[in-house]
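Each of the two complexes below includes chain A, the first together with chain B, the second together with chain C.
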Partner chain A sequence: MGRTYLAGTGLTRFGKFADASLASLGRSAALEAVRDAGIEPQQVQMIACGSARSGILQNHESGVGQRIGWEIGIEGVPVYNEKAYCASGAVAFNLANICVASGEHDVALVVGVEKMSGRDGKGRPLTSDGVMLESEVGFTPPAYYAMAAQRHMSTYGTTRRQIAGVAVKNRRAAHSNTKAQYREPISIDEVLSAPQVAGPLGLLDCCPTGDGASAAVIVSAEGAQRLGISPTIEITASVIGSGLYCHEQRDLTSFALDKSVSLRAYERAGVAPHDIDVAEVHDSFSIAEIIHYEDLGFCQAGMGGSLIDSGATALGGQIPVNAGGGLLNRGHPLGATGVAQIAELADQLRGRSGDRQVAGARLGLAHISGGFMGLDFATSGVTILEARQSG
Partner chain B sequence: MGRTYLAGTGLTRFGKFADASLASLGRSAALEAVRDAGIEPQQVQMIACGSARSGILQNHESGVGQRIGWEIGIEGVPVYNEKAYCASGAVAFNLANICVASGEHDVALVVGVEKMSGRDGKGRPLTSDGVMLESEVGFTPPAYYAMAAQRHMSTYGTTRRQIAGVAVKNRRAAHSNTKAQYREPISIDEVLSAPQVAGPLGLLDCCPTGDGASAAVIVSAEGAQRLGISPTIEITASVIGSGLYCHEQRDLTSFALDKSVSLRAYERAGVAPHDIDVAEVHDSFSIAEIIHYEDLGFCQAGMGGSLIDSGATALGGQIPVNAGGGLLNRGHPLGATGVAQIAELADQLRGRSGDRQVAGARLGLAHISGGFMGLDFATSGVTILEARQSG
Partner chain C sequence: MSVVGEKSLGQGLVTNTPEGRTALVVSRCTSCGDVRCPPRTVCPIDLAACELDSVEGDATVYEVVRMGIAPLGFSAPYWVGLIDFPQGFRIFGLIASDDEDPVMAGDQVSMIVGVIGSDPTGLVGPVFQRSSRSTSPQITEGQRS
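The block that comes next holds the complex of A and B.
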């Protein structure tokens, strides 16, 4: 397997765009990524597209990537459409990375896209697929994370204020992010007094949905040379895994799959958690970010609350997490999120993040958890990117 | 890229199974494939699952492969869920083949599954995704193929009886296939007098839908050695492409994408059309098989009708096509078909096809066309398998 490079990224604003379609969102991000890479659409050799619920929500299940490719003039190439819950974009990225690393293709376009507003399947719930019975009786993602929060507080003494601290930190980070849905600063007290969703979690502890798209161009060294481009970010690890979440360990405070996938990613990239300069972590709920700190090895089990208190994961800290505001503020159009994290990291590693730039960022990590954590069919993804002098 | 081998296959009966779920169908085929390969489920290192409309029809869009893997005891591995219309299974096979050829994984399980009866999304049309407007005004797949038939008859003098001959040949071939939905022989006159669907095509010119699943195990040479198995079928080409169908050439009698994908597959396998001993071809409609003969190079453009008349594509002929009855008689549960073709070919290449065995079959080709041919976002897949003395 050869080395692979991130040559360009694209990202739409996230929000509720009544007039946008999957194709219009996807093509905007895709064109931006292609231009950012300095190539033409016709030079793309394959497309991988992640979109978790385009079928159920938009009645367009099979041909999303084909449609986007066709609209920007890419024809005749292999197109893969990935469906893996919230991790769909990360799976598409992983697949494209394998295809480029293997030499099967030199230039891959990855697109993540989702349209969750104005959905066609009226009345259909937004909760994860295939768990309809559980959803009907109230076991929705917010309920699951609420129980995880209760358990984390009970087992480790994590406080409600620490959990709220994630929401406050990420909102502060989102302030300069014009792609984010929510940017006005909030206080701990505002988080605590927001309408309750599932105790102890309130409205400001939960990410919004939305519409949006993201894209990335992956090239091999041969591809870069042939195209005459010099990408500066190497993809040193892209690992996904599906299966067990918390079933076996019977513990709500940790996700075994995140641990095993991140360990494989660290090993593949030859780095350790403390080497990471900036991270995008799946903060679908505030408590999730605390749990992920621990599973990703940013701190010991049970110390996630203290890590928030220490300021280490805020801008200016040891390892800024979600420096663009995370899912909590950017919003979480399912399939778009995994590649949006990569785009955010790429800006950091190229020193393009403006007010939210992490000084000297060289190693970036993106983490996503897809599927309904309480059940056994889910997907985790961890990507590690490293800034190089030149590809 | 290393060599890859087909180590085992599995196939359920196709039909309308009210009590079956996606998971129950998929796990049956998957377990059969794993056992056929002589391995344990826990030795599988990745899963690729093709299912075109599980979301729209069964309200289960993202986690089909994860669910099937979990139910047979495969945990923690990467799972890819592929959505590419009728070609979904072929795309999953292609992706798994790349992952194994690249050395990323040694042992991959491919599953194709679809449940089209008892669908959850009541009232939703079965026509291809994203082309709802065209469907509403009557431009459905049967209508498209009816126009293609009219054009083929007008341009090349192909007769209605030749087109009907495909249905008669494939029904005769299905007679010994216990997995097929339709097995009673039919006559040319019965095809001609069947209720008309879209002139000139009648009911017996159109494949039925249905429920079903198929599976395959792909291994590398290293994987086979480590597992202590000796697969005898090499995968010498697996090529997919998406994009243009007939838009550019403005010709209903040929699919440019099938031509380009099959040319790449022949080149990769180092063989020519006349080398193929047995083929599975996407006969969603009788006329389609005639068009595909020409696009795949089994005969010259316009000569598909004569090829049927010659008997060359019947059992005992020069290149038997759809020796198991094809989509017309097995049925076409979208995502299951691509891998079902591979399973049928594998039986032929291992001399396990009983009454429908093609004597001395060594080289097999599977072809699938996915998407709505009249539009520009579609997928073609061609796989070439070669029997070896030992893997």
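The block that comes next holds the complex of A and C.
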């Protein structure tokens, strides 16, 4: 497999935009990405598009990627549409990366897009596609994470204030992110006094739904040479895994799938958790970020709450996590998030993150969890990017 | 009125035993005896064929949470959790509870068939109600803040 490079990224604002469509959102992000890469849309050789709920929410089940290609004049190329829950964009990125690394194509466009603001049940928790049976009896994602929060608190003594600290930290980071859905600072007391959603988790511990799109251009070394561009970010690992369903008696204080996927990613990239300079971590719910710290190896099991207290994962800390605000604040249009994380990391590694720039960032990690199946996550993904002098 | 599982699995998740008691529908591997709910056709451990069976009796609450904001089709508050059965499987289920004396992790529960969700004419299925309280110390609301 050959080396692959991230040549450009694009990201729309995330939020609730009544006049936006899957096509207009995808078009904006895709055009921004190809321009950022310094290429023309017609030079793209394949499209991979992630969108989790285009069918049920927008009556557009198949062909979202084709529609976005149509919008910007990309035709006659293979288009792959990926549906993998919250990880749809990440899976599209993974597929495009494999296609470029294999040599089948040397210029790929990845798009993640979702439009959720018009959904029925606004203000209520989402259900999850992979657990239809459980949804019949009241399952929602916040219920799962609330149970995890309670287990983490009772097993390790993690406090409610530490969990709330994730929401406060990530909102502070989002303040300078003009594309984030929520930017006004919040306090621990505001998080603690917000209406309860599930168990210990309140509204400010939960990510919003919304609309948005993200895009990335992946090239091989040969592709970059042919196009006359010099990308500076190498994709050193892109790993996806499906749930570990068989063992049902899992301990909810840790997500074994994330551990196995991240270990494979670290091995492939030839780096260790302590090498990572900046990370995007799936904080769909505040407690999730604490558990992911542990599973990704940023700290020992049970020490995630202490890591928040230490400030290590805040801007200016040893390993800033979710420097763009995370899902909690940038927003979580499901299919867009996986590629939005890549776009945020790319800005960090290219030194163009402005007030939220992590000084000297060279290695970035993006982690995402997608959906539920058999009471485990249905999908998890880890991507590692490394800044290089040139492609 | 339909039964939980008929839409998502193609078969109801509760049944009546020959003695007329309600029971949970499970699968049992014809080779290793592994029991699963929802039922499997093929055993995930040894790929042998599974046959339908049913279980009844007490189970243990692994974790339970109070839902303060409900998804479509439900009214808050309601309680859900993970239930561990002595046969070795775990399921997600609706738990009958209240704020005055909430069901806690470690409590023993038994299954009844009740109305699921906020539409009284819509769906019936397994509801777990406490049969005995755990004697293990539990985390308190004070500790949670």
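As a working rule, the second predicted complex is superposed on the first by the 371 of 391 C-alpha atoms of A that agree within 3 Å, B and C clash if a C-alpha of one lies under 4 Å from a C-alpha of the other, contacts with A are read in each partner's own complex, and residues count from 1 in each chain.
What we mean here is this: a contact is a pair of C-beta atoms (placed from the backbone, for glycine too) under 8 Å apart; a residue touches a chain by one contact, two chains touch by 3 or more.
It should be emphasised that the depicted structure is a prediction, and the values quoted were computed from it without experimental measurement.
S.K.: So, does A:260 touch the first partner chain B, the second partner chain C, both, or neither?
M.R.: first
S.K.: Is A:74 contacted by the first partner chain B, the second partner chain C, both or neither?
M.R.: After superposing on A, A:74 lies in contact with chain B but is clear of chain C.
S.K.: For A:292, is the partner it touches chain B (first), chain C (second), both, or none of the two (neither)?
M.R.: neither
S.K.: Between chain B and chain C, whom does A:152 touch in the aligned arrangement: first, second, both, or neither?
M.R.: In the superposed model, A:152 contacts neither chain B nor chain C.
S.K.: Please work out whether A:62 is in contact with chain B alone, chain C alone, both, or neither, and reply first, second, both or neither.
M.R.: In the superposed model, A:62 contacts chain B only, not chain C.
S.K.: On the A-aligned overlay, A:88 touches which partner chain: chain B = first, chain C = second, or both, or neither?
M.R.: A:88: touches chain B, not chain C.
S.K.: Should A:13 be classified as contacting the first partner (chain B), the second (chain C), both, or neither?
M.R.: In the superposition, A:13 touches no partner, neither chain B nor chain C.
S.K.: Counting only touches as set out at the top, which of chain B and chain C does A:330 meet: first, second, both, neither?
M.R.: After superposing on A, A:330 lies clear of both chain B and chain C.
S.K.: Given the superposition on chain A, which partner contacts more residues in chain A: chain B or chain C?
M.R.: B
S.K.: Show which residues of chain A both chain B and chain C reach, each in its own complex.
M.R.: 121, 124, 132
S.K.: Considering the complex alone, what residue numbers of chain C touch chain A?
M.R.: Residue positions touching the partner: 4-5, 7-9, 13, 38, 44-45, 63-72, 74, 78, 80-82, 84, 88-90, 92-94, 105, 116-117, 123, 125-126, 138-139, 143-145.
S.K.: Can you list the chain B residues touching chain A in their complex?
M.R.: It is residues 1, 47, 52-56, 59-67, 69-70, 74-85, 88, 91, 94-95, 98-99, 101-104, 121, 124, 128-130, 132, 240-244, 257, 260, 370-371, 376-379 of chain B that touch chain A.
S.K.: Which residues of chain A touch chain C in their complex?
M.R.: 120-121, 123-127, 131-140, 142-143, 146-147, 150-151, 153-154, 159-161, 192, 195-200, 203, 245-246, 248-249, 252, 375
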